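The first chain written gets the first letter, and so on, giving A, B, C and D; residue counts start at 1 in each chain.
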């Protein structure tokens, strides 16, 4: 997949932020921070990871799935099945 | 969108089952069934609705998005944006 | 569990609304409504079911879990485990 | 809240694993790994974060909510409301 530089940089910036959030949560647990406050940060990190996933999926549909749709045939079927399975995993996680 | 008869029938059968599940949950609440047992049924109905949504999305990618990808241009952009927004709503609901 | 009349009525009203939403979705599929519009309604019904589940859980914590906490011992452990499992099913569905 | 040493250690171990997963995902994006493979890892990290959240919630119900239930009165109401809001955030994230 050829990804636009900006989109890739954005994804990396988001992932570095999520990594920082998870490290912050570990610190909160270590310092016995009040559970509910830790949970609020876990929810925020989960939503941030979700945004990363939706960004990757956008990219995937716009590039791989579009190319496969133009190619048609078994390539198209394979790519659609793969995309559908990834979406299902995301919806269920 | 032209949907295969079978797929449409399957979706309708699933939706009728979900409708029955929701009616069953109402009856459980009415009869003061133990909360946890009601919750188990609500989780089952939610998963069934999720399966309906994933089926609709499959269909949508295989027909509308594929057609738009072949057409290219603004049509393709519009359909991709629309699909991405529907996926995001689903992941977040 | 003794549930307040109002809360029970509210839950039943919500469930009747969800049932109507699901029936509406079936009608949309039957009439070949545009996929994305059907998906929007499925997301709305999912969120409504989620609200029902959160209401039931509220009730359950406020009554069964509180009573079990006052009783203590194995009753408390059993009720906590049950509540945790219901929450996990809900978070994962 | 006084948390058992083991439980706290378990949570910290899980969080360190999630941190490693997120760093691994960033590396995959950097190296232009195939989208679907990156998405699979994002789903795994999301589920791992969810397990952390469910563990924290277990702990919270077993300690804070149980204590508040025994104290009764406004303390109980406040803790229940707080727990319900945390569960709702979790279910919706």
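Definition applied: a residue touches a chain if its C-beta (ideal position, glycine included) is under 8 Å from a C-beta of that chain, and two chains touch if they have at least 3 such contacts.
For clarity, every value in this text was computed on a predicted model and none was experimentally measured.
Seen as a C-alpha superposition, subunit A sits on subunit B after a turn of 180°, to the nearest 5.
The interface of A-D is repeated, with over half of its contact pairs matching by residue number, by B-C among B-C, C-D or A-B.
Mean C-alpha position of subunit C lies 21 Å from that of subunit D.
Subunit B and subunit D have Cα centroids separated by 28 Å.
Each of residues 50, 53, 57, 83, 90, 92 in subunit B touches at least two other chains.
The touching residues of subunit A, when paired with subunit D in their complex, are 1, 3, 8, 11-12, 15-16, 18-19, 22-23, 25-26, 29-30, 32, 34-36, 38-40, 42-43, 45-47, 49-50, 52-53, 56-57, 59-60, 64, 82-83, 86, 89-90, 93.
Across the interface of their complex, subunit A is touched by residues 50, 53-54, 57-58, 61-62, 65-66, 69-70, 76, 80, 83-84, 87-88, 90-92 of subunit B.
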